[in-house]
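Before anything else, here is the set of structures, which you'll find just below.
Presented sequentially are two complexes of subunit A, the first with subunit B as partner and the second with subunit C.
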Partner chain A sequence: MSMFTGIMTNTWIAGTLVAIVAGVVGLFVVIRRAAFAAHVLPLSAFPGAAAASLLGVNSLAGLVTFSGLGVLGITRLERWGRREVATALWLAASLGLGTLLLSMTGQYSQEVYSLLFGEVLGVSRGAMISIAVLSIVAVATVGVLFRPLLLDTVSPELCQAAGASSRRMELAFLGVLALSTAMVLPVVGALMVFSLMVGPASCARALTDEPHMAVLLSIALSLVTVWSAIALSYFSNWPVGFFVGALGALSYAAGRAYRRFVH
Partner chain B sequence: MNAGSELLSVEHVSVSLSGRAVLRDVNFKLAPGELCALIGANGSGKTTLLKTILGLVRPQSGAVRMAGASGRVSGMGYVPQKISFDPNLPLRARDVVSLGFDGGRLGLPLPSRERRARVDQMLNAVGATGFAERRLGELSGGQQQRVLIAHALVRRPRLLLLDEPLASLDVRSVAEIVLLLRRLATEYETSVLLSAHDMNALLPVMDRIVYLANGSAVAGKPEEVVRTEVLSRLYGYHIDVVRVHGRVVVIAAEAPDEIHAAIARDPIHTAEVP
Partner chain C sequence: MIGMHALLHVIFASGFLANRPVRAALAVGGGTAVVSAVVGVFTVMRGQSFAAHALGDVSSAGGSASYLLGVRPMVGFIGMGVLAAAGMEWADMQDARERDLATGVILGAGLALTALFLYLDTTSGSASGAAIAILFGSMFTLPATIVLPALAAGAVAVVTVGALYRPLLLSSLSAELAAAQGTRVRLVGLAHALALALAVSLSAMSVGAILSPALLIGPAATALRLVNRPGLAMALAALLGIAAVWGGILLAYDSYYWTPGHGWPVSFFIVSLIFLGYVVANVARSSRK
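Let's turn to the complex of A and B:
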């Protein structure tokens, strides 16, 4: 079987969609300093997939539900001033709940493994359609809100003065982040969503001073990360999560180095 | 100023925020092209008054009227209080001004010759052409202030509101920004209302001032307002306006303890006289 035929075709398409969404949304995660949310949401969404497989419904529905609940949790925590202890316990409890729910399904260890570290090779045709729809929704929402969202990132007050609600921008952004988390998670894994969103995007914002170019670069770097991870995983038989994590960290470091030494 | 020629009328505005009276019966008018300073100590209600004029805070009583305005924030540009910008934000000075042109709109911005021309012209007007391509977060305080003024003015508002634009600027930048505002007010026939806790650099070039103390205001030409009897009436106890070495100093003669404390916290009342 070649790297580009059969079941691998879906892998490449899903990987590409996931990379585009992570690139677009990830840039806003980085510039809005929402790394906290990007870290919390995938872990709080993790039990969603397990609950869905237990109930026999589409796992994306479970992920979207739980990451939506995660958004509520985050806004609550923001109001309380981000209690670190509460957050840490909540995340650990989420992971625990996920493993409990998975232990009730048939293939415990394999499911846990693929949800935490990604299972890029197992994208079914049905999942492909959901992934495609979620990608379009996420990217279109960022496209429509691009200017007010950017303005709100610069200053919520300037956003208000331009007649756009800063609160709505924040909620819309968290909503998009929850959706993209739900779709990126099954492919790269709950532990690697953060790497894919933050690594390429923080490199992109270091390489250019221009916001539109930063979005395009972020997509490009995210694509390179995902494509390389799939190819390397295919040839080495090492888990794709390893490569996503490593390449994410590498692009972050490259961006820092560029800013420090070249710029 | 003849009746009817005003651009902005603030009519008997009172504002309470979470039960506390912040503004009481504030009343003043602004004519087109006038440069006006809103003077008051920290906590005197300057920001609240600006936000009320912008329509972001609703007054309990009274009204804010803009001549010929229809929309909520139409015809006003706003420069908020000192913002610290992230140097990691990929956003050039030019992009900030561009966001002032159409940053509230939905959809991806298509390249527009009009926007480009307006942004270039505005950058030039505030003297920011030289650093237009640099990141906002890497500019000095004075440079950032110029960019924010361009952001607020690029849609050619009839009224420009600035919240403490001179705070945390060095002396030279303060003088430059004040002169810039004076020039822009005249050139673009834009009325400018800026708040400041220090009238030092402002009195010589202001057409009028609004002096806020404890939520009440007195407005007029600088020489009409900065006077012993006028400010004493406003503060509700005797204060002296003293002119020393070409500067105006406002001194509380026998102030209650809390006033002493307030003055010690915020020694605001010095001003230069032309």
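Let's turn to the complex of A and C:
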């Protein structure tokens, strides 16, 4: 079987969509310093897959619901104190719930492993359509909110003065993050979603200060990461999550080195 | 009297305290809760919840590597945890604004290694189900031989924090003030990071990577909402942590009788109790105002 035919076609298309969304949303994760949230939302979506299989509904619906719940939970808990404490506690609660739901569904450890670390061959035609729709929604939302989001990141006061409340911007940003998380998760795995978002985007951010250029660079690097990860995983049979994580760390290191020695 | 006895019998399902795995879980879980409470208070005050969580996951990568290399899991867990903590401290010194990002990238790299090692573990057939055991932990399957070394590693972490109590407190509240008073802020920070790594890898190994950050952050954050003095908060956090762990173990044991033949996971109960404690403390605090 060739790398580009049959069952692999869906993988390449899904991987490409996932990379574009991760590149766009990831840049905002980096400039808004939201790496922890980007790590926690996929894991808070993770019990959604188990809940969906218990209820017999579509697993993507479960993922979207639970990552949405994560946004609401973290913003609610945040009112009581430090943001990282809120995020950390939400993460713990989600994983605890995930353990319970998994023990009820009695899923095999292999399935849990692919949910956590990704499964490139698992993309069906039905899933393709929802991935395509979700990625259009996510990219379009970021497109519409691009200027206010950027403004809010640089100066919340200015953004407030321009009529967009910082709180609403944060909620909108987390909403987009949750949505893109749910679609990226089945392909690269809950634990690797944020590696894909943070690695290429941080490198793009180090290479240029111009926002539009940074978005394009971030998408390009993210595409290179996903495509190489799929190809390397295809030939070596090693998990795709390993390559995504390793390439993500490499891009971050490359960005830092550039800032340090060239810039 | 008979009513009391019947009630106790309902709470403590038969054979609870006579059960050897239960007793080991109570001992290691309780010890882990105390160590986590002491280290956790400063971790919350210094805003290092993300680092604590990341260290738990990265040290699990060491755990999965140790299955593969055939070394003792404890060496893998602690070695990887200490290495990652040193890396994070180093990145923090280079550029403090990038701490969040650097922590994330180290976490990502650690998880990538976990993915690879777990894959190699399962394909080499040496430890099937290692993924679940390492990530979700199961306190009821703790080997008796790790109890002592694990608790010893925890004691080192507690002693480190105890010895550095004053400089740590000062530099956690205001790094500038501490530096002006002659505290070597970076050295203190590094020592705390190493104590954190030790505490987290110990708890990741004994109670699993899920519970480890929950035990570290949850009780400490709850205690800091209720009392102001860090020393008092440590004691309160230790009590809360022990209550959550022992309560969770008890509920998990009892759950075998709710749904016949299939117990609920102990991690679920402990995390729920910790989460509930944090919510109750905050609701109580805001209604008092």
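To be clear about the criterion, the second predicted complex is superposed on the first by the 243 of 263 C-alpha atoms of A that agree within 3 Å, B and C clash if a C-alpha of one lies under 4 Å from a C-alpha of the other, contacts with A are read in each partner's own complex, and residues count from 1 in each chain.
We take it that contacts are C-beta pairs under 8 Å (C-beta built on N, C-alpha and C of every residue); 3 or more make two chains touch, one makes a residue touch a chain.
Bear in mind the structure is a predicted one, so any value in this text is a computation, not a measurement.
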Report task. Please indicate which partner A:Leu216 is in contact with in the superposed arrangement: first for subunit B, second for subunit C, both, or neither. Result -> neither
Query raised in the report: Which holds for A:Leu145: it touches subunit B only (first), subunit C only (second), both, or neither?
Result: first
Query raised in the report: Can A:Ala162 be said to touch subunit B (first), subunit C (second), both, or neither?
Result: first
Query raised in the report: Looking at the overlay, does A:Val154 come into contact with subunit B only (first), subunit C only (second), both, or neither?
Result: first
Query raised in the report: Touch check for A:Leu95: first (subunit B), second (subunit C), both, or neither?
Result: second
Report task. Kindly classify A:Arg33 by the partners it touches after superposition: subunit B alone (first), subunit C alone (second), both, or neither? Result -> both
Query raised in the report: Touching A:Val137, do we find subunit B (first), subunit C (second), both, or neither?
Result: neither
Query raised in the report: Of subunit B and subunit C, which one touches more of subunit A's residues?
Result: C
Report summary line: subunit B and subunit C footprints on subunit A meet at residues 30, 33
Report task. Spell out the part of subunit C that touches subunit A in their complex, as residue ranges. Result -> 44, 47-50, 52-53, 57, 100-101, 103-109, 111-116, 118-119, 122, 128-129, 131-132, 135-136, 210-211, 213-214, 217-218, 221, 225, 262, 264-265, 267-268, 270-272, 274-275, 278, 282, 286
Requested in this report: Would you tell me which residues of subunit A are touching subunit C in their complex?
Outcome: 30, 33-36, 38-39, 80-82, 84-85, 87-89, 91-93, 95-97, 99-100, 103, 109, 112-113, 116-117, 189, 191-192, 194-195, 198-199, 202, 238-239, 241-246, 248-249, 252-253
Report summary line: The answer for subunit B against subunit A in the complex is residues 54, 56, 71-73, 76-78, 80-81, 83, 85-86, 88-92, 95-96, 99-100, 102-109, 133-136, 151
Query raised in the report: subunit B touches which residues of subunit A in the complex?
Result: 30-31, 33, 143-148, 150-151, 153-155, 157-164, 204-206, 208-211, 213-214
